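The structure appears below as structure tokens.
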Amino acid sequence: MSTATTIADSTPQLRRNLTTARLPKWAPAGVALLSIGLGCAVGAGAGLASHLQWGIIAAALFVVLSYALSARVEGRRQAKDRLATAVVWVAFILAVVPLVALTFYTVQQGLEVLDGNFLTHSMKNVISSGPGGGIYHALIGTLEQVLLATLIAAPIGLLTAVYLVEYGRGRLAKWVTFFVDVMTGVPSIVAGLFILSLWNIMLGFDYSGFSGSLALAILMMPVVVRSTEEMLKLVPNELREASYALGVPKWKTILRIVLPTAIGGITTGVMLAVARITGETAPVMMLVFGADAINGDPFNGPQQSLPLYIWQQYSMVNNDFGYARAWGAALVLIFFVMGLNLVARGIARWRSPKGGR
Amino acid sequence: MAKRIDVSGLSAYYGATRAIEDISMTIEPRSVTAFIGPSGCGKSTFLRTLNRMHEVIPGARVEGKVMLDDENLYASNVDPVAVRRSVGMVFQRPNPFPTMSIYDNVVAGLKLAGVRKKAVLDGVVEKSLKGANLWNEVKDRLNKPGAGLSGGQQQRLCIARAIAVEPQVLLMDEPCSALDPISTLAIEDLIGELKSQYTIVIVTHNMQQAARVSDRTAFFNLAGVGQPGKLIELDDTQRIFSNPSVQATEDYISGRFG
Amino acid sequence: MTSSPPAAARGRARRSRSDSRLGDSIFFNLSRGSGILLLVIMAAIAGFLAYRSGIALSKDEGNFLTTFEWNPDAPKPVFGIAVLAFGTIVSALIAMVIAVPVAVGIALFISHYAPRRIAQPFAYLVDLLAAVPSIVYGLWGVLFLVPHMDGLTAWMDQYLGWTYVFDQTQAGVTPRNLFTVGILLAIMVLPIITAVSREVFRQVPRMHEEAALALGATRWEMIRTAVLPFGRPGIISASMLGLGRALGETIAVAIVLSANSVLSLHVLDPGGGTFAQNIALKFNEAQPFGRDALMASGLVLFVITLLVNGAARLIIARRKEYSGANA
């Protein structure tokens, strides 16, 4: 008991007064403005060319000033809290800057070439070091390759997920679960290498859109399994039991009750997976080869695809006309992928399974 | 070190909804005050306004005054963090920090306040755990995780954690509702011992508990669903349970509603 | 079925029962077959790469692990992964050092700091950022980021040059170096690390946060005592998922880095290479044997990412709760 009376007295941190000196509410905003001002002043004064440096100076000033000011007025604990808040806000700004820069720059550059002609013409008979030409052949190729990959990967992925959730017990299911997870991390270039050595080198098939699709399917499968699995798990067990109680066999229960209940989420997952493989460049680069002319047959001969087109326009043409076409294609690709994402998330919100967790 | 609480004209809001309306009361030091009332009457909300925990919920705000002796907790220059250091709180579900040992749980508040000396901390751990009637059960496993204790022990650990920072007031939000009868009894005994040092406010759904542990009882009620909760009356526990001055209190206590 | 139903109904019941048994077994085998097919594909990937690598390694005149240059199609094939392994690991490490703290900060911003009106749309935006194809990042990286890195690179050389690592030995060259690649990779893996960490932070039980606040913790102290310890495994596995992506990233690195076979600790000097980038760039001009050699390097990358991802998944799996079906 003797320690009891002394702790509060001996440790100033436990002092009892409730009122402390506090910075006014507008202090953080004020410090932020001051830091930005100082950052610009120092940047301009020192003649630093890159605005990146101005920003870094301002951010560092903001963090340091917030801490110093608070430590002086409010004490160390409050100062640490302010420091953390400042750092978190700086992290937020750090994330916004590349996001805005990327979006803005792509749209700005892409809109310069994006017109009806660009969307409806191929690169056939276009001198690539000059202006003109378009992405029609790449659009066709990408759509066909992604469609084929989805046709392969979606059923397999779906069935695997059904197996894992509805049947999966024991060793096999554990192995499948683990390797699906591992498969999510297979680098796309490795998937491309695998199809190349199996399909093209060993089995002797030629470059084609389809061999690209095979590699894309490998990348897509685990994503579909994962998301479908999550969705099936959200279907409440009561629904299954109610169906069994009516004497409906398991497979019919799965087909008629479980899958329809989860169909919104499953669709979302598949669309997100499609969005992801649409942008894959590496496997397409090895397997589709890239062509300047329209080739509507994904099973015969080289095709083109949007990501590959961007790569070729950048690396092989390598002048302003090539860059411009690359930006145009990049903008179309982003539109496509973002569109898929937005629609998929819309579906998810609209048809999310009720109940569950 | 116990202090008197004087509430006047206090209303609390969640966004645009008013949860409690115009409450005024005095809570005596070194005594146990129980809050009773039907679900949704705002007694827990009111409790949380007494250590400014109400406002940690997004969109929640408070109007009115809460005087702790002669300081208004809602004055503009008061730091809510300092308030919570002076007014401790024990929650409905035992919530020891899952990643910390029993020892670290008890000294969590002191460590936040910057107390580092091992001798001081050791002393506080023993004193607080003894104060919470838990010392004999855990003294040999202070370095084991607090989550490994039984529910009742966890709740007493949380009480030890709350009294380790030597608050002036101890708020308890249905501290026994998640516990079995034996653990409940242990906590109730503990409350009886703690009131010699602290001002204790306890919210409870269990009227027998209110009658057993408290010196004074406040009855809260609401006019209807969606209406704000109000204080109906506050009196000595014995009077509330034997001869309340308001009819609604008697109806509630005799089990006619709620 | 204790009473005796009419014969027709009995027949129908039997038929539907055998139907259902047949249907069940077809459906079961179909779904199990898909699962097995996935395992077969994984095994095949490992097997094929190992087989082709074996062919390549048996003819390598240099030491595969320590050789710098990559000349598998020379009369005397000499190739090694020293530069590639170094570049892959260094660029991924730079990315992690930048991305993990920032991502944790963003995740905290969304879960605990931002006003709710900002938090939700912003979380959404970060998720969308994850969907931007890497080729677009690459293009943006080389045409926008690289020119903007000039000033920063010079600065680091000026003030941090004494660290040796940030010493720029070739002045005035375009900063298409491992450091820029690391920054680009950091931007690319930010969304995934943020998304996973954010979900973990959101799952922190409210009662633990309130316990800390009721003890008189400031917001930061609450995060330190309640949120971060709870979220640590989540942050670790999120980082490893991000690391897996950074290690395997191909096209963005291929565009931004000006590759050569020099192993240098000066990360601000252009040069070096990564596994994936080397495969992408050398592939089209490689002879059949050169391709085998590239596959050997692909196998190394495969094994590394497999280990990293496997570790991440194990950490996640240890704390996953069961939900819904088959509980």
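Assorted remarks:
So that you can tell them apart, the chains are marked A, B and C in the order they are listed, and the count of residues begins at 1 in each.
Convention: contacts are C-beta pairs under 8 Å (C-beta built on N, C-alpha and C of every residue); 3 or more make two chains touch, one makes a residue touch a chain.
Since the model is a prediction, treat every value here as computed from it, not as a measurement.
When the partners of chain B are compared with those of chain C, the chains appearing in both lists are A.
When the C-beta pairs in contact are tallied for A-B and for A-C, the bigger tally goes to A-C. Separation between the centroids of chain A and chain B, computed from CA atoms only, is 46 Å.
Annotation: 12 Å between the Cα-based centres of chain A and chain C. Each of residues 218, 221 in chain C touches at least two other chains. Residue positions 81-83, 85, 112-113, 165 of chain B are each in touch with at least two other chains.
Residues of chain A found to touch two or more other chains are 77-78. Within the complex formed with chain B, the residues of chain C that make contact are 116, 205, 207-218, 221, 225-226, 229-230. On the chain A side of its complex with chain B, the touching residues are 1, 3-4, 7-8, 10-11, 13-14, 16-22, 76-78.
Chain A makes touch with chain C in their complex at residues 48-53, 56, 77-78, 80-81, 83-85, 87-92, 94-95, 98-99, 101-102, 105-106, 109, 155-160, 162-169, 172-173, 175-176, 178-191, 193-194, 196-198, 201-202, 218, 221-222, 225, 232-237, 240, 249-252, 254-255, 272, 275-276, 278-282, 285-286, 307, 310-311, 314-315, 323, 326-327, 330, 333-334, 337-338, 341, 345, 356-357. For chain C in complex with chain A, the residues that touch the partner chain are 19-21, 23-24, 26-28, 30-39, 41-42, 44-45, 48-49, 52, 101-106, 108-109, 113-114, 122, 124-129, 131-140, 142-144, 148-152, 155, 187, 190, 194, 218-221, 223, 241, 244-245, 247-251, 255, 276, 279-280, 283-284, 288, 291, 294-295, 298, 301-302, 305-306, 308-310, 312-313, 323-327.
Against chain A, in their complex, chain B makes its touches with residues 1, 68, 71, 73, 75, 77-79, 81-83, 85-86, 110, 112-115, 120, 123-124, 127, 165-166, 168.
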